[in-house]
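Shared chain: chain A. Partners: chain B in the first complex, chain C in the second.
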Partner chain A sequence: MRYLLRRIGFLLFTGWAALSINFIVPHLMPGNPAQVMLAKFQGRLSPQALAALTEAFGLNTDKSLFVQYLEYWKRIFSGDLGVSLTYYPSKVTAVLAQSVPWTLGLVGSATVIAFTVGTLLGIFSAWRRGSLLADGLVPAALFFNSIPYFWLSLMVLYLFAYSLGRFPLAGGYDIYSTATGLAKLPSIIHHAVLPLSTIVITALGGWLLTMRNNMISVCSDDYVAFAYAKGLPDREIKYRYAARNAVLPSLTGFSMSLGFVIGGSLLTEVVFSYPGIGYILYQAVTSLDYPLMQAIFLFISLAVLVANFFTDLVYALLDPRVKDEGD
Partner chain B sequence: MKRLLMTSTVFVVVLALCVGAVSAQSDIRRGGTVRIAGQWGTLTNNFNPFLASGQNAPGTRSALYETLFFVSVLTGETTPVLGVSYEWKDNLTLIVQTREGVKWSDGTDFTAHDVAFTFNYMKQHPALDLSGIWANGMESVAALDDHTVEFKFARPNTPLFQYIAHTLIVPKHIWESVEDPAAFTNPEPVVTGPFVLGRFTPEAVTYVRNENYWIAGQPYVDQVVYRATRSNDSALLLLLRKEIDYSYLSIPDPERTFVERDPEHNRYWWPVTNTNILYLNMSKAPFDDAAFRQAMGWAINKEALSEKAYYGVVPPSHPTGIIPGQQAAWVDPSLADITYSYNPDQAREVLREAGYSWDGSGALLYPSGEKLPTIRILVGAGWTDFISMAQLISEDMKAIGVTMVIEQEPWNSYINSLMGGTYDTAICWGTGSGSTPYDLYYRTLASEFAGLGGGQAESNYSRFSSEVVDQALATFRASSDPEEQWQAIAAIQREVVTKVPYIPLTDRTHFNCYQTATLAGWPTADNPYNGGEPGDEIGARLMLLNLHLK
Partner chain C sequence: MGKARRILRNKKALTGAAILVFLTLVAVFAPVIAPYGPNETRFLPGQPPSREHLLGTTSLGQDIFSQVVWGTRLTLVVGLVTGSLCAAISTTIGLVAGYFGGWVDEILSLITNVFLVLPGLPLMIIIAAYITVQSVVPIIIVISITGWAWGARVLRSQMMTLKNRDYVKAAVIAGESPLRIIFCEIFPNMLGLIVANFFGAALYAVLSEAGLEFLGLGNVNAVTWGTILYWAQNNQAILMGQWQWMVVPGVLIAVLGMSFALLNFAVDEMTNPRLRR
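And now, the complex of A and B:
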């Protein structure tokens, strides 16, 4: 119980700190969005448009930074995340609502798949070490982990989508189809295969190696030797004794990755023209779209904090010693 | 009997004419879809024509709404659209005749009252006036009758015509009840254009043919689809696989990467509409010295810039910055010997005469004897063409003893440095372009945009200020006499080549790339009917009207 309360307190404190930094940092960036927008048109807008844009974007405020900070908190609690400047006058929540499901779907499932497959392969590689296949997985994992992501994704796109034409070149679904609801699913899956596999391939190696190393060090512990001595079946020792303890460090990393899922994967979105938050965030940063930037950073911070919080709880379930620590 | 013969002859002749007319038109196959891709990211469900492009869905300006006229930057020609003719009375009054027989897509008639309403609406809501029409001297707009609009000016400003001509017209009966137009997304657009809204999704927006369009028989195609990509490479791949017909792509070496893939169908048309310029921050030494600026002009090898950065596809600039299509009409022949063609010896001569010298290691010294500081050259982060140019420029300047270092900044910092005047030198585009050099000179040289007194320089990044130029600009504005206007531009050119507030480097083009496997009727250098404009701009309307199945 005390553990739970401690975790909640920590969550609230770090939440406050993250949100405050989230407010301050965009305002420290040089320039203002009206300037950026005017320049983007390379002379097609009149210089007098600067005044029009400044007024439209509500930038001509002379409120002090502290007052703006208080208003920021008020808006967060009322769920009003403001109006995006790049997608003016769409509300920030509308812009995010369109893209977040794509990111959660693609990057979320890619992260889960990479973690699960990588961890299982890591267990296999550690358990059967000495055999060709198990040992061969190590250099393979290192190789795939080291490939620059953008290079791999460009190669995959070029080979499978452009040259062979087996997969679509761009997009999240078929733009010409009028299917609705679940009927869109086959098209969505077809478009997701290439981006998903590139993310999984490059992320898998890390999980595999971490799990393998943890397993090897756990397998040399006394209690595993004791389990063998007791005559327990192999399978039970492998999963309930060794893997359960070996997976703990990986879990922390996994929770961080889950939190960052919501930040999107910019390179994937750029190479495969896949819809998602990554590109939206990139546009927001380069256009100095404060409301949109802050909203996305807000969600990333919250997602990481919440994911971490739940991981702490799961950790406590898996390893009861953690609960009593510090008492 | 004679009457019967007469009647039947007339009948046959009329029938033959009709068949002739029909078959002339039926030479053009109807139907088909124009597929356009662009790096728009997620599309926004907004069809408000008052907003800056990029804030509304692509197609709003090209397929849905129409303007009064279309003025081509390339040829200077004016094509009538919703306006059929215009006339200046004493430079303070502009009379425009609007087209008859045009209907809005909801059946209502289009009249001059819609035009007057549109402009007065922009006055009522200044956030909509992105061309700055009301801020530049217009005083009132009124419809004299159903087909005549009168624009009155407080002070003469004839170049403003281009911005008036390019204002998209909206229906009065819809917009007069909209309270906050800047925030209105216009989900069911009522338009006069060749297409109406079909279907919107965040990845692609489809427009379908307007059956009641005022040009009978056009558009030839049934649909236009604008689809979004998130990188130029995606759009290029789509174009190469013929999944799209057109895209606006600045691809390096278009001959090899694009045309050679399918020489029969792949085409690119990159007409020059602007200039890449090396801005010099005249509020800082050594750029406050005209001699130094002139020397820079002689020291830089612009041919090499065109070769290395643009593979020779985009030519070097004229020293006045005037684009090739306008040079014949506007360049002053008496300035022909000030060429600023690559001549480092000439550069050193100019510096020597101004009192500069070189020390033992070849570094340039001020007349006072101090060494010149390292000069920064600012470009946008990741812009490979500008970065290549910056590298060549710094090598050229090293040859005359000046050390330059390249500074890459992301978009917002880049603009902030330019407008805030914290840069030393920067490569950027001309901040104004139009059918005459006035637009370029006004934006880049007028004192009002120079941020004098420490403010922001909206477009005159060099922070140049000259009585002669301001006076000449005012003369041009106030006149519709071609001779007077020519003299004004000539005076400004003289200032540009003698005072060198900035150095034009290479021309700057639009990047039209398309494939002709399915559709014909594309604009080309021989037939530049749409001014070379990108597929989502107002000029593209003419392209969408002209395209048809092969």
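And now, the complex of A and C:
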């Protein structure tokens, strides 16, 4: 119970910190970005929208920063994040709602696949240590871990989509098709193959290395030696004794990596013009759409924090020791 | 002597170090190696590789090979400086939190955990988008701020096991000041982990730098491998048949990243007795 309360407390605190960073960053920057933005949109937006922007970014007001901060919180709790400038006059929340499912689907499945395959390969690489294939996996993993996500995406895109024409060049589904509902699924999968594979390939190596090192550490523990002494079959020792304990640190890594994976997938989405949050964030950044940028950062951080919270709870179920240690 | 021999015997460390030394030499001798200046635009634009232009020319008529050679400088500097900054922050916070424990640890760990779970790249993109200064310094600062937390966490837990060793207790009884104990007594014993942490941070820095610059959020006028990729992509290098413009800087980023990753892994392997064999 104490553990749960601590986790909830941490969730609330990090949530507060993320939202405050989101508020304070534009105010800290030199040269007032909001003014640049206003100048850019002058004459292209209705006077009401301009007034709303001025309000949202605290321009031309004599309100103190603190009052603006309180009003920022009020807007968040009322779910009013403003109007997007690139997708004017859509509400920022509407733009988000359209792109979020794409990212969740892509990143979610890529993470699960990378984690499973990477961990299994890690178990193999540790268990068969000394053999050519198992040891060769390590430099291979290190290499794939060091490739820039976006660059691999570009190469894959040009090779398989542009030169060979096997896969679509951009988008999340066939926009000319009239299929609806489940009938759209084949087209969606076809469009997801390339971005998904690049994320899996670049993320896999990290899981492999973590699992391999944990597994090697665990294998020199006394209880594993005891299991051998008892004459248990290899397979049972491998999975039920060693791997079961070795996977625990990987699971903590899992919750920590969500932020990294989402970050990397942002660039992948940009390259593949995949209609998720990453692509939208890129558009918002290039067109100085600050309300949309703020909302996207807000959403990504909250999503990562909540996912992190649940991984912590699952972890406590799997390894009850963490509950006693406090943190 | 023993340490040097161990490094030489470890193939991963050797490969990583060799790559790093080679790229450093390229960076230092860039004026000698590169046939032209990185921003000379006097050549015919869009040429394929030839004897005069080993990697062809850009759409603006710059020699790509010279750009890649000169770009090694800034790419390496940003990677190493950012890696050092990250390592310095995480070492200080990790060691202090782990040594003192109590409320100091509570506060520092809370800060570390917050930075750990906040998504780094989106935060970098947001901050970089607001920055209007045209220089590489903002990129270094932004990556350092978002990249130190993991190392701090690892070093903190290592500190917690080390501080109960006898030699630390002896130093406490001898009346040494806490800061002296942390940085003169314990620090040398954690050097392996700190060095591994530095290489890990440098890898993170190189990849983040490339990503930000590719999005056009760095200083697009500076010549680094990341900005070369940015210009290649913006001029549709591959659609124009200029594969080498895109492939070479990308491979080099991966190779530099790999050298940091190899060194990180090898140092970890050498200092962690359980991974040694």
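Quick notes on this structure:
Just so it is clear, the second predicted complex is superposed on the first by the 273 of 327 C-alpha atoms of A that agree within 3 Å, B and C clash if a C-alpha of one lies under 4 Å from a C-alpha of the other, contacts with A are read in each partner's own complex, and residues count from 1 in each chain.
Operating definition for what follows: a residue touches a chain if its C-beta (ideal position, glycine included) is under 8 Å from a C-beta of that chain, and two chains touch if they have at least 3 such contacts.
Source: prediction; values computed, not measured.
Once the two complexes are laid over each other on the shared chain, residue contacts for A:Y162 go to chain B and to chain C alike. By the touch criterion defined above, A:G231 reaches neither chain B nor chain C. In the superposition on chain A, contact of A:P320 is made with neither chain B nor chain C.
Using the contact criterion defined above for the overlaid structures, shared-chain residue A:V270 touches chain B and also reaches chain C. Of the two partner chains, chain B is the only one that A:Y88 touches; chain C does not reach it. Within the superposed three-chain model, A:G79 lies out of touch with both chain B and chain C [touch as defined at top]. Look at A:T286: by the touch rule set out above, it reaches both chain B and chain C.
Annotation: chain A residues 29-31, 36, 154, 162, 270, 285-286, 288 touch chain B in one complex and chain C in the other.
Residue ranges of chain C in contact with chain A, taken from their complex: 12, 109-110, 113-114, 116-123, 125-127, 129-133, 150, 203, 207, 210-211, 214-217, 229, 233, 238-239, 246-247, 250, 253-258, 260-262, 265, 268, 272, 274-275, 277. Residue ranges of chain A in contact with chain B, taken from their complex: 29-32, 35-43, 45-53, 55-56, 83, 86-90, 95, 98-99, 154, 157, 161-162, 165, 169-173, 175-176, 269-275, 279-280, 283, 285-288. Against chain A, the residues of chain B that register as touching in their complex are 37, 41-42, 44-46, 51-55, 126-132, 135-136, 163, 182-185, 201-204, 225, 227-231, 233-235, 237-238, 240-241, 243, 274, 410-413, 415-416, 418-420, 429-433, 439-440, 443, 449, 456, 458-459. The part of chain A that touches chain C in the complex is made up of residues 10, 13-14, 17-18, 21-22, 25-26, 29-31, 33, 36, 129, 138-139, 142-143, 145-151, 154-155, 158, 162, 209, 213, 216-217, 220, 255-256, 258-260, 262-264, 266-267, 270, 281-282, 285-286, 288, 293-294, 296-297, 300-301, 304-305, 308, 327.
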